[in-house]
Amino acid sequence: MTQKLRIGKIATLLAMLEEQERASYSSLLQDVQCCEGKVGSMDMQKVISAVETAVKRSGLIQDGIYRETHALYHAILEGLEGITRGQWAIGEMMRTVGLRFAVVRGEPYVDSGEGEWIAVAFYGTIGAPIKGLEHETVGLGVNHI
Amino acid sequence: MTQKLRIGKIATLLAMLEEQERASYSSLLQDVQCCEGKVGSMDMQKVISAVETAVKRSGLIQDGIYRETHALYHAILEGLEGITRGQWAIGEMMRTVGLRFAVVRGEPYVDSGEGEWIAVAFYGTIGAPIKGLEHETVGLGVNHI
Amino acid sequence: MTQKLRIGKIATLLAMLEEQERASYSSLLQDVQCCEGKVGSMDMQKVISAVETAVKRSGLIQDGIYRETHALYHAILEGLEGITRGQWAIGEMMRTVGLRFAVVRGEPYVDSGEGEWIAVAFYGTIGAPIKGLEHETVGLGVNHI
Amino acid sequence: MTQKLRIGKIATLLAMLEEQERASYSSLLQDVQCCEGKVGSMDMQKVISAVETAVKRSGLIQDGIYRETHALYHAILEGLEGITRGQWAIGEMMRTVGLRFAVVRGEPYVDSGEGEWIAVAFYGTIGAPIKGLEHETVGLGVNHI
Amino acid sequence: MTQKLRIGKIATLLAMLEEQERASYSSLLQDVQCCEGKVGSMDMQKVISAVETAVKRSGLIQDGIYRETHALYHAILEGLEGITRGQWAIGEMMRTVGLRFAVVRGEPYVDSGEGEWIAVAFYGTIGAPIKGLEHETVGLGVNHI
Amino acid sequence: MTQKLRIGKIATLLAMLEEQERASYSSLLQDVQCCEGKVGSMDMQKVISAVETAVKRSGLIQDGIYRETHALYHAILEGLEGITRGQWAIGEMMRTVGLRFAVVRGEPYVDSGEGEWIAVAFYGTIGAPIKGLEHETVGLGVNHI
């Protein structure tokens, strides 16, 4: 890989690792901007909203600019494809998700002309709306910003 | 999470981490069976085949039994949904993948009645068939076996 | 076909045939467990729920075990793909379904190592939410359990 | 159901029942035109072609008229959605189908203004390209013609 | 193209052009029936309804006949595929549409045996539910009627 | 619409209108960069390639920069969703396309912070691989660049 910075890997590790497991990866975070959050819902709209709100609150993207919102939005959707695997629905399909997410913004490529990219990762569980009847799920979306 | 063992997280870490990065996670591997591999292709069939061959060669599933092949197959497909995000195609869409994969088999739930499950994780790049014109991608599929 | 028992065919016939038409097929039912039901809705969640409730009430799967719920759930979803043909939605698309369903559990393969499988079949109508503006639809999902 | 003739049910029974099982349904066939065939392939194009060829050879649709070809084509595609359940691919996904199909043309509705409709049903197996590693699959498409 | 009348092009131009831009295309409209409308919503059901209502009110299709409703419905859905590009959802995905639509009915082919066809075109914007955070979108569906 | 420049509409008109029909729209082209081309194929890869080649040859995007290739690629894919309406396939589904395409790059928004965007439009026919058995199809993709 000709990438100097793996923003997708960083985002996935942040979404997946507990605080105490991250010790060995702290160096990875020094060249990127990132934000994290949690969301549990049967409603896709709430999942998208939770990420957008966390990102805007942290100043990771410029709020009034559609261009950046558009880049983030498509990265979120692509991340959710991995979570839902084939059917764009949670509650309508009688399933619920409990997710941690991380959004990372940085310059992954050596060539500075490639500019900034954004990675959105999710990790958590998906399953029936009954505690414990669930399994793990992961998703990652990457876009130029 | 009421899972005692996160086979999806283990599989994703194995697919994503380099040898030297895994030190802190070696304890995770003691209660599961796993196998790993690599595949680069513009042909989905070759990606599926590479995983199936690696799994059968390692004895992770019983070769002659359709039941186990069926469980693995659907876990692979779900993992590839995260990789391809929305369109079931690689070469037909003028894109190519370079992936590392890991397959983990174990008993994730406390209740022994839940039996064994299988997790298939992919990590790597997807992009134009030109070196460097690519970004990261992740996928995870989980199934009962 | 090397199957000794066609649980998919049995489930489809049960969903499709009226009581009086089944006479010649009664012998098919002696080696399987099955349950049947009806559901009419513009809401996918209600269709999934109706099948899950009927199956659990009849004791066809073990209620507390996620493994069996997971197998049933994916068989239901695959059956509904045939019903909706391409778009995962009913009411959102201004259409409604009136369905009969049948769930069959048994050992379809000669080799006893293949164990039990489950088939979920639907038959009925799909169409505009106006009586008569509808046509027939069929769906079948099969999974190992 | 306000349909006088269930062309979808007739097509599905024809695709699913062996010659000797059909005795009780022969009366259903007197008011419709139908044709049947078989196809085994890893190539979706061959499956579509096999149905189109059988239909044209039997005179069930008018060969030179795009209108009828278009109606048949979409009914075939909808039937194949039930067969493939979610991913439009066979060989690319390392799977193969062995299918029987039946196409039925008739007037399903009481109101003669509704005219003729066409139903395309498939029944058979889908699975790994290894004899026996397969399970049943059903699909039905219905269109106005 | 062997079509004497391009109903898809006419519908798309009607949906896309302002009144004053249409001068040069008025001759195109003399051999077809058409109707137009507008709809803004986060709810797919309302978009479909708006088109169906406009079409029925204008007498473009026969209201009581399922055959014509079925042809229109599938043309609307195909048009909305272009609008939504890959995910069948608007509000669930935190996005909203503002669309103009045009429906054209006519005989596009030289051969009179091809009969009447219907084209449904949409043009407008899709984006976040915030004024201005949106981009253009187009969709066209064509069906025999 | 708060857009000062409708690059999607311009691209669609360019793809759809014959030379002689464009007279009244020439003023639209003065503030954008654009390129056009044609492609007929049963192979999606060739359609994507034809657009990429035309765009690179015309200098509309910077060839060596992945960022711009990535933006163009996703705009092409979104445009092809409208063309294929629901199934990502042409030849595999026994259909062929004959398309004209236009790519427009410009600044659609009043706020200069929104920067440049790209629109890819297709117009032509899709149908059976037999001359004349085809109907019109349209697709538009828009992305920030």
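Letters A, B, C, D, E and F mark the chains in the order given here, with residues in each chain numbered from 1 onward.
Throughout what follows, a residue touches a chain if its C-beta (ideal position, glycine included) is under 8 Å from a C-beta of that chain, and two chains touch if they have at least 3 such contacts.
On a predicted model such as this, the values are computed, not experimentally measured, just so you know.
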Please indicate which chain is farthest from chain D, where distance is taken between mean Cα coordinates of the chains.
-> A
Of all chains present, which has the mean Cα position farthest from that of chain B?
-> E
Repeat of B-C among D-F, A-F or A-C, where over half of the residue-numbered contact pairs coincide, is which pair?
-> A-F
Which integer distance in Å separates the CA centroid of chain D from that of chain E?
-> 30
Chain B to chain D: how many Å between their CA centres?
-> 36
Starting from the mean Cα coordinates of chain E and chain F, work out the distance between those two points in Å.
-> 20
Just curious, how far off is chain D from chain A if you go by their C-alpha centres, in Å?
-> 43
Mark out which residues of chain B touch at least two other chains, giving numbers and ranges.
-> 66, 70, 86-89, 92, 109, 117, 132, 134-135
Hey, which residues of chain B end up touching chain F in the complex?
-> 87-89, 91-95, 127-128, 132-135
Within the complex, which stretch of chain A touches chain E?
-> 43-45, 48-49, 52, 66, 69-70, 73, 77, 88-89, 92
Show which residues of chain A lie in contact with chain F when the two form their complex.
-> 62, 64-67, 70-71, 74, 109, 111, 113-115, 117, 143-144
Which residues, counting only chain E, touch chain B once they are in their complex?
-> 86-87
Sort out for me which residues of chain D touch chain C in the complex.
-> 1-3, 6-9, 12-13, 16, 21, 23-25, 78, 81-82, 85-86, 98, 108-109, 117, 119, 121, 123, 125, 131-132, 134-142
